[in-house]
Amino acid sequence: MPKIKFETDYQEGAHPKILERLTATNLEQTSGYGVDAHCERAKDLIRKTINKPNAEIFFAVGGTQTNTIAIKFLLNPCEGVVCIDTGHINVHESGAIEATGHKIITLPGHNGLLDAGDLKKYLEAFYSDPTWEHMTPPGMVYVSYSSEYGTLYTKDMLTKIKSVCDEYNLKFFIDGARLGTGLMSEATDVNIKELADLCDVFYIGGTKNGALFGEALVFTKPEKFNLRLFRTLIKQQGGLLAKGRLLGIQFEVLFEDGLYFENARHADKQAMKIKNAFTEAKIPFLFESFTNQQFPILTKEQNEKLSKEFDYEEWEPLDDNRIAVRFCTSWATTDEAVEKLINAIKNL
Amino acid sequence: MPKIKFETDYQEGAHPKILERLTATNLEQTSGYGVDAHCERAKDLIRKTINKPNAEIFFAVGGTQTNTIAIKFLLNPCEGVVCIDTGHINVHESGAIEATGHKIITLPGHNGLLDAGDLKKYLEAFYSDPTWEHMTPPGMVYVSYSSEYGTLYTKDMLTKIKSVCDEYNLKFFIDGARLGTGLMSEATDVNIKELADLCDVFYIGGTKNGALFGEALVFTKPEKFNLRLFRTLIKQQGGLLAKGRLLGIQFEVLFEDGLYFENARHADKQAMKIKNAFTEAKIPFLFESFTNQQFPILTKEQNEKLSKEFDYEEWEPLDDNRIAVRFCTSWATTDEAVEKLINAIKNL
Amino acid sequence: MPKIKFETDYQEGAHPKILERLTATNLEQTSGYGVDAHCERAKDLIRKTINKPNAEIFFAVGGTQTNTIAIKFLLNPCEGVVCIDTGHINVHESGAIEATGHKIITLPGHNGLLDAGDLKKYLEAFYSDPTWEHMTPPGMVYVSYSSEYGTLYTKDMLTKIKSVCDEYNLKFFIDGARLGTGLMSEATDVNIKELADLCDVFYIGGTKNGALFGEALVFTKPEKFNLRLFRTLIKQQGGLLAKGRLLGIQFEVLFEDGLYFENARHADKQAMKIKNAFTEAKIPFLFESFTNQQFPILTKEQNEKLSKEFDYEEWEPLDDNRIAVRFCTSWATTDEAVEKLINAIKNL
Amino acid sequence: MPKIKFETDYQEGAHPKILERLTATNLEQTSGYGVDAHCERAKDLIRKTINKPNAEIFFAVGGTQTNTIAIKFLLNPCEGVVCIDTGHINVHESGAIEATGHKIITLPGHNGLLDAGDLKKYLEAFYSDPTWEHMTPPGMVYVSYSSEYGTLYTKDMLTKIKSVCDEYNLKFFIDGARLGTGLMSEATDVNIKELADLCDVFYIGGTKNGALFGEALVFTKPEKFNLRLFRTLIKQQGGLLAKGRLLGIQFEVLFEDGLYFENARHADKQAMKIKNAFTEAKIPFLFESFTNQQFPILTKEQNEKLSKEFDYEEWEPLDDNRIAVRFCTSWATTDEAVEKLINAIKNL
């Protein structure tokens, strides 16, 4: 019998409504590369959702691609991007940012989050260093919402980061690979409109929230940027999908009736059940997360037992007897799977 | 009433069998990034098809991405790729190759094809130039099969290019964005096994032959290359699809019962009907093509008439009264659409 | 006995006055990287010479480096630089521009010169191509003064190119590796002040005009650019000389009493004598040049004879019996060497 | 009266013997780009010095350039270079490595030195991480000898690093910007022949040891590498000096009679005098250095006093009252300057 998988939030295909719509529209003839009515409608739906009628929106296939394109665009040739050491672009994108010629400037993270105070201190030190011309000047700040550790910035934290960015003329970019589960978390105090206000650019992750693939990159203050060649840049980076409407169609389905948020709410709800089960079993966590990634710390024995029935990620060995692991839920996580897991936790 | 579109071969979704299979497998749980049974089976099917049990195969989402990854991998840091002036990488990929740091060295094309004699002459001149160390050394040759103009290399032409490549230690890469319609053309004298033998690397284009997206990059002589980090390179270039099995599933459907070739045969057949109609109407062609791209030369009047009912690409104005245009067929081109077009041609 | 060398204009060291000054200042202690009084004075001398009190000037070591830095700075990430096919950056810089991620867009040259009409035609075609978003958008124009073939733009030609650049919002950059011999040529109708007006950026080549090394990159309209990070960019490209004052000192010597122009005038004068000798011997030229590069077309026999006593560059075989060669003069070319060559030409 | 400068080891010109030789050879005519008898002789002198008759040697102008070229050459496209956090390439080269597309993978330093144990632990963790394909694979190790903090690896430390490199198939590169002062230090236990054995590539820094400029990059095991295009790579990175013989001539002078080592010995000797003076004054150091960089920790008051007469680098404020500073000596540091400094230290 195959194990039940809690490894990631992209182990199934797409929400059935997306496949249905792709099937229904399959024989339509449209122009390629995202110049079609589906893409236009999807963009309008997103603009409405974030309450930014002038937002400029571009679709790309995956997260690494989207990050790479955005950061390449936002930086001058010799600038770098500021990011915490555990940021996705720094750890898990195979050097994609550096491949475009830019350094990632790392600051220490706090439970997966960048601290505005750290940022400010770094910037002060940078510009007071008499050799700064020989160093990599920061051009932008990158954070993830929700973070790689499932944790969340408060509105106040984002506001403070934004304010440091403004002071030092840095662009502020939010990686939203897991935006949905962040915004739907019971622990958040920020909504998508506020988040859009608080940054220059962010992306709405589709891949990890019910789409086959697809991320929507949103310039919330397009008047700040010259976007004339942005589609050419996407093409140059290999990100302009020939059948571009596939992206439009998926985001139409996700945003026309709130499916994007519903999917995320479901993932969070299932994660909270799992979190509670671990808590009740007195099993501690590596991070306190209120989103769809949970990082319990298992003993060797517990890990051996659980891993017979379930697949999940071994995150980080802590010592000879303890290992932090990651359980991930998604729009597709069934009640049945969660119940089985909860029972197994009870029996540890 | 919307016009009938002959603009490209990627204006519909996917062959219905692909959507059916995606739907049937939708709730399967698999690991991400192409490490799954579907991808493995698809690779095996391709290996069998090309009769290369040891071929190494990697999937990527689109053509520009696949070209970029392959070329970045095949070249040393200061080498360039040789390509005819009208080659896709030189003209229509927004400088994606140069963005990886490599020069494209252009030779004149002949009806969209590279001539082995030209190649040899260039190489002789290059290495007899006393200043060659200051120039870009060629590291590989890029051709497209079928070409950007719908034309085809004969087996003899490919053999001669391969032989020059071997003499000068150049890698030989074939862009197969439109491989299917090339191989199924009534005018070809090469099959997929021979083509695989004649190059080091080629890719099997899915996007333009019935897939939603997807290209299969095939190293036919993997013993020549160190591919240990190839997946990391794909990731770095933003080409490692999270739900990687989507690529596997599509290539399974395309290669388990010959659908890939069937799709291409259909496209070619429809193109030949259109070609005949233009020929009967005494309308000349820019290139003699026996594949799914046809380039008739229309008068201004003919163009105005046809464009009322049909969408097609305006390729190149030839003079004040004549314009070369492109009609493209695909797996999805209906008999009805072709008949309407033929009637319209008759009435020009 | 060693042959007399007319191969290049950088086969000797530096003008003796430069070595003297380097010796005289050798034990001065200055800060590194060009932040010193010599560099400041050299910049002021250049500003005076070109009559641009606000010009921003940066020094770099060599020509390829200077071109690379300037072009990397002037282009947006996906833009390319327009250049004739024989332009130095396209042919003899080992792909340095592409290594920064940018495509060189080539137009046909006319005796080594770009034609404003060609440029305009290309730009019109580019922006009327419906697929332009998939192509490399031009961001700037590169020309050399004097050209790689020793030929010269007239003021009118430069004015026309500038005007096309302005119309299409392209930056205009002049490679002045051989600026001196261009400006001192009997055939020029433009002076350095006019040239500075006619472009956005140009560089004053020291290496080929009497310096040990060194080029001065001049932003003549600095208000158009954000140069805050330019020194960091130079550093990033490996062009910020530690003992930066060496560049300042050399340009001080070259520009404090007109040595720069004197050197070039000498080179041109010697070249004209050689030109006359070939002309009198009824030996034709590949290009009509009035600067320090002369391209006579020799028969095989003439070439064999001359090459016994003299080194010069074999430029391009024209047919089995004729070869174009290049004779180069410089600030260091002696009367004696020229007389010997003239005698040899007479005896061909 | 100008202050006496102890800011860096490149604040004067060149050792007088170098200027004399440049003057003596000034009117020689040689071919460009390092293809000349001076460069050949200089290479032979270095080969003899390191006892490696087959070593391949290339000259470049500066340190950042040399590092960039070497690292770009040694890495596969998606590999990174391992370096301690304070390594020169990571901190003070304006992102030059990243500009070639490669990530710098940082490990913590210990007094400016990489620990073989840290390296091994990192490599074990990397390859046991199931997601390593999504990370940047290490391709080489970079260390500096002497280090950025004036500290030195022992033979044992280098041997251990080399052994980890061999185990994991990493190339080992030593940045020798300050090689001379390292090798001549009273605290070293390694000589240049041993150092050459212990790495794959290193460079002999000229700029900071008496040359006007120039670094000699030495491949000590050239049979491991394909160096056919290395000069082209240098050219591509803007590092191939036109008057290449200037590099050859300088290294001839430095290596024909041991001047290279004499210069370094002098610098170290002067530094030790300064070190002693600080020690006698009970002033502590940030690092214990036995080379030409000394890092005393001054009180605010001491700093104010000393800085009236002397220029030196303010390295790092430690708290409100204490600052670490750097005093640098060189081949040119006079006894008189050192005595003045010592007196000033005594009077603190």
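Letters A, B, C and D mark the chains as written, and numbering starts fresh at 1 in each.
What we mean here is this: a residue touches a chain if its C-beta (ideal position, glycine included) is under 8 Å from a C-beta of that chain, and two chains touch if they have at least 3 such contacts.
Here the structure is a predicted model, which means the values were calculated and not measured.
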| item | value |
| --- | --- |
| Interface sides of chain A and chain B: same vs different residues, half threshold | same |
| Chain separated most widely from chain D, comparing mean CA positions | B |
| Whole-Å separation of chain centres (CA-atom averages), chain A against chain B | 34 |
| Rounded Å distance between chain B and chain D, as computed from the means of their C-alpha atoms | 49 |
| Centre-of-Cα separation between chain D and chain A, whole angstrom | 42 |
| In chain D, residues with contacts to at least two other chains | 77-78, 93-95, 99-101, 133-136, 232-233, 235-236, 240 |
| Residues on chain A engaged by chain D in the complex (per definition of touch) | 77-78, 80, 91-95, 98-104, 130-131, 133-136, 313-314 |
| List of chain C residues in touch with chain D within their complex | 2, 4-5, 7-8, 10-14, 16, 19, 22-23, 25-32, 61-65, 68-69, 93-96, 99-100, 207-208, 212-213, 232-233, 235-243, 246, 332 |
| Touch list for chain B against partner chain D, complex | 33, 72-73, 76-79, 100-101, 133-137, 226, 229, 231-233, 235-236, 240 |
